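Each chain gets a letter, A, B, C and D, in the order it is written, and its residues are counted from 1.
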Amino acid sequence: MRGVVSMVRKVLVANRGEIACRILRACNEAGLPSVAIYAENDASSMFVELADEAVLLTGGTIGETYLDQDQILAIAKSTGADAIHPGFGFLSERADFARAVGHAGLQWVGPSPEAIEQMGDKMTARITMRAAGVPVIPGEEIEHEDEADALAAIEAASHRVGYPMLLKASSGGGGKGMRAVHAPEDLIESAKGARREAIAAFGDGRVYLERLLTGSKHVEIQVLADRHGRTIHLGERECSVQRRHQKVFEEAPCATMTPELREAMGQAAVAAAEAVDYEGAGTVEFLLAPTGEFFFLEMNTRIQVEHPVTELVTGVDLVREQLRIAAGEPMSCGPLMMRGHAIEVRLYAEDAANNFLPAIGPLAVFRPPEGPGVRLDTGVREGDEVTPNYDPMLAKLIVWAPSRPEALQRMRRALDEFVVLGTTTNIRFLRELCDEPEVITGATDTTTIDRIWPNGWQPTVPRAVEDMALMAAAVAESAGLHRKQSMASTGGQGAPSPFETIGRRFP
Amino acid sequence: MHHQFRSPEGPIEVTVAKQGDEWSLGGLSTSVMADGRLKIVSSDGRISFGHVAKVGDVWWVHAEGHTFKLERIEPGASDTDDGGGLTAPMPGKVLDVLVAAGEVVSAGTTLMVLEAMKMEHRIVAATDGVVMAVHFAAGDQVEQGVALLTLDES
Amino acid sequence: MRGVVSMVRKVLVANRGEIACRILRACNEAGLPSVAIYAENDASSMFVELADEAVLLTGGTIGETYLDQDQILAIAKSTGADAIHPGFGFLSERADFARAVGHAGLQWVGPSPEAIEQMGDKMTARITMRAAGVPVIPGEEIEHEDEADALAAIEAASHRVGYPMLLKASSGGGGKGMRAVHAPEDLIESAKGARREAIAAFGDGRVYLERLLTGSKHVEIQVLADRHGRTIHLGERECSVQRRHQKVFEEAPCATMTPELREAMGQAAVAAAEAVDYEGAGTVEFLLAPTGEFFFLEMNTRIQVEHPVTELVTGVDLVREQLRIAAGEPMSCGPLMMRGHAIEVRLYAEDAANNFLPAIGPLAVFRPPEGPGVRLDTGVREGDEVTPNYDPMLAKLIVWAPSRPEALQRMRRALDEFVVLGTTTNIRFLRELCDEPEVITGATDTTTIDRIWPNGWQPTVPRAVEDMALMAAAVAESAGLHRKQSMASTGGQGAPSPFETIGRRFP
Amino acid sequence: MHHQFRSPEGPIEVTVAKQGDEWSLGGLSTSVMADGRLKIVSSDGRISFGHVAKVGDVWWVHAEGHTFKLERIEPGASDTDDGGGLTAPMPGKVLDVLVAAGEVVSAGTTLMVLEAMKMEHRIVAATDGVVMAVHFAAGDQVEQGVALLTLDES
């Protein structure tokens, strides 16, 4: 046990959208009163309604609202909240905020500021992991801040690491400050570029070298640690299928996993968490090479977008456990008991046929699929407006079934039934993904999407369905369905005219 | 009834015929359901359900797991059942009025030009007739659906 | 293996409503084309849309439609269906129909006609079970058809069975032809009454005597048996909470179950199934006495309304397994692996405050709850009309959570969020049930509802909420929301005026 | 505005006041949301969301997990904003017409009697005035919302 048991009596959720809804519902079920904070443009968002109290943030930009630490702490104080759940994104991996929360006498739902810092700096994390016996990708850290010193050190290290290699920013994330280098003649140019990007994005030009492991899977281990000395893993998720470094298709278990490998990766993840005295829910990301070797990539010190697939196969309610752990209680879950197969796809408001460009518009129709084994985590409803203000993720569609083929089949049915009109989404892209041989066999790796659609994805539309659609539009126009719709939509007061948003695109 | 939609390969013309409550086009027949969805029956008896929503000029259609955006090419007031009422297809500003009350016009004549969403829309006479009244002047803002001119069909 | 493996290529679902939806979705996910049959008054029901083909039944009454064996077999023939899934209710336990299906060369999704018959006649079932070593409630079967002989035999048997006792019709079910007898002087009168009711309802006056076991739980075991020699049980469901002999609150596992008792009851259920050479999914119902003794009640030779709670705790898709087994495949499930706790409540269109009188009306608003761990099995949508033609069950709301208290809390939240307007439902009754001490502790038995509310249930409404409702109605009227609604509702074509149904009640 | 609802303990009178977009009653204040739900704020700042739907004369209300049926007692045409138009509160049959065109009536006078759902409904003058027109005769069937008589308010 680490110190006294804290109690949590009221939780402020410092986030918005789907994950705020997820956390607020968990608070409700845990019997904890909740406080939502919201920006002006979120006044009619669903998460605001799910909270027991909701407080308007002053300010127009994200920096002035969801990232304004002082304002959020002041609201926690004025509402009497004694814990802050940061969700993911926004302030969730900001050690300074976690520290400020503690200084204000509030409970942070997550690990210590020190753990966030140790994992947030990628070079520190690599060194810490190596010391803890966790395998890291062969490579070298370059601590030099000075450009000339750094470039010389990179050149020297490159001979030991070998080609192809990756240059990565120590403060990086999401692909920023990252370069793949395939030949010595490109090294210095790439190193300069990576450093330039890293300095611009993070104010920190330090980079490190990693051998580039091609054909690898992205496999991550969910961990949970409480203050009662227990750190466990909850098996893996595979999230290899990514577009532009963003996960779109996630599953548990990994199709090629063996019990022995799971145990080894699980033990490594637990060692990683224990090395930083971790508390709460976290994810240790690994690259799993075709050889069966695995290497530490990074640790996400927060709840993850794809946590539901783990919940469905393990039966553990991760957000509920986060709340328990933050309150100083022991986690409630027993021995790991994985069952069946779960798949999550991320529904984005984006044009998959046009380089995944974000889209905006009204959700004139938003009709999720139904039936057993289907879970939808969302923060939107029919009638809402998709705006360029925030991340374009509309929902996470998650299915569970006893086996992987059945789960994939259930996902196909669910995607076919999902109707979203008024805003372009990636639903059809996800649906066609389910029919790709690599996805069917589970032989996916991080380059899958680029390999299947090297020139970008285009939908395959049967002529007969196209005819149906044309007829539907012609009949709808002839029957005056738009006039009936607009009557219905004026039923509410102040509903914005859907017209204003047609065809506009973000960015 | 006849409609035009914009497609990547150019405009597509679609003419649907109505008999009783049923619309037909080639081997397809369609009826409008109580909840606003469309029941589409193929020639082989297969039934599909289409969801539709109009946003601005665009019909969004979902059928068989596919989603379509079909921008209708506004024919002015042609083919409407509104009689002589020529209405604004969307909120916007009157750019130009090309006729005056009392003027005799023939089908296809452009009567008025609207601007909305930085695009121009022409209001066209669907039939021959006489302009009975012009309700707006250039520069006026108009709401969607308001009558712009009254045409007495000849 | 029993004989050759049959193949199933197309399934006709001989049912309607929520269970038809459940089965049709399972067919879709199994890659099996499906055929729905529907009566005229079901033309716009949801299940009709979920089928690949739907055929209109001619005839006005239930007997002329969903119970018309010849017509259903003719539709199977004309559509090329080679299997018939009967769901529950309707023809699902009609041995003559199962036999006719076999004679027509079609596959019946369920056990053999002989198994249905052996379990359908309750006296035969008791005798068969006793022979198989399955404990039955102490009592005696009276085979006499003649009134005088029967009454004499009942009188003689009553001394051996002892008071209090139950008289039950051998062909009975659902409480018909059943009498509790507490004293010898009431015996003959009750026996005459039970026989009269049984003759009227089933054309068979045979009754049997059972000792009345007060304070018992209704606990049932789900079994599955395939043609490859495997018969397994999937643990228990407790369905003690009943109103007027109808289950309203069902859960798995039973709160007071022990692993040893589960194993003993499971083995008894497997023995019961094997005794009649059972195939497919079935349920063996037991009374579990406070002493820990359990007694066979009856076997339901079909899928059960409350099957989802077993699906959620075991991870087995029962309807999918039914289809596999009917196709001659081995069942796909591995060893029993129960996890967490599931609760189902049955949402009825009924006035719980008025002796559970069925209600009808439009579903002007039908907004089910959302969030993780919530499953809804339904056959209706907003805008549908609840009519007196069929069973008033609108939906089954099922929740799963890692523990029983968490499941109960999730059910409370889900019921609070469930909005149904336009038709009276039992939602509030179910919600208040969740707060009853017996339900919270799990100390429920079959008399729980009668004991808690001996004079019938009445809602407890806080004054502040009543004020809100009055204000809401006044504001809605003042703001003219009904005019806006009626515009919206005339948006569709042929939507019936909701007015016609106001205040009418069925029966 | 003032309304009456039927309750098991007899009629309840409710008067709500409007200021801007907000209605108030005692410590409660309510606004109508874009999707037709009501946002109800209690005096302690607690927010509830009410769902409402009118079926016939009955307002169905859901709030805080409770569902209510509140039958509105139809005050004829009193308190409506329809001016002199007296409309049928529901579909039904005209049982009796008690006034003729040209007649001077005072507020509260019963003008017409309707039958619907086996119940009688009186159509009552909301103000003093002159009957300008009577649109139906005894025995006529009327649809919900149609104007029954026209009253010129004096």
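Here is the rule we use: a contact is a pair of C-beta atoms (placed from the backbone, for glycine too) under 8 Å apart; a residue touches a chain by one contact, two chains touch by 3 or more.
Please read all numbers here as calculations on a predicted model, not as lab measurements.
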Most remote chain, CA-based centroid, reference being chain B: C
Higher-contact pair (C-beta pairs counted), A-B versus A-D: A-B
Separation of chain C from chain D, taking each centre as the mean of its C-alpha atoms, in whole Å: 43
Euclidean distance of C-alpha centroids - chain A vs chain D, Å: 52
Distance from chain D to chain B - Cα centre to Cα centre, in angstrom: 38
Residue list for chain B, restricted to those that touch at least two other chains: 32, 36
Residues within chain C bordering two or more other chains: 479, 481, 484-485, 491-493
Chain contact topology (line, ring, star, complete or other): other
Chains that touch, pairwise: A-B, A-C, A-D, B-C, C-D
Footprint of chain C on chain D - complex, ascending: 1, 3, 5, 12, 14-16, 18, 23, 25-26, 28, 30, 32, 36, 38, 40, 42, 48, 50-70, 72, 90-91, 117, 144-145
Chain A partner contacts - residues on chain C that touch it in the complex: 21-22, 25, 28-29, 31, 308, 311, 315-317, 320, 332-333, 337, 339-340, 370-373, 375-377, 401-403, 406, 409-410, 413, 479, 481, 484-485, 487-488, 490-493
Contact footprint of chain A on chain D as seen in their complex: 21, 32-36, 45-47, 49
Residue ranges of chain C touching chain D (in the complex, touch as defined): 361-362, 364-365, 367, 415-417, 419-422, 424-425, 427-428, 431, 459, 461-462, 464-479, 481-482, 484-486, 497-499, 501-503
Contact footprint of chain D on chain A as seen in their complex: 44, 49, 52-54, 381, 383, 491-495
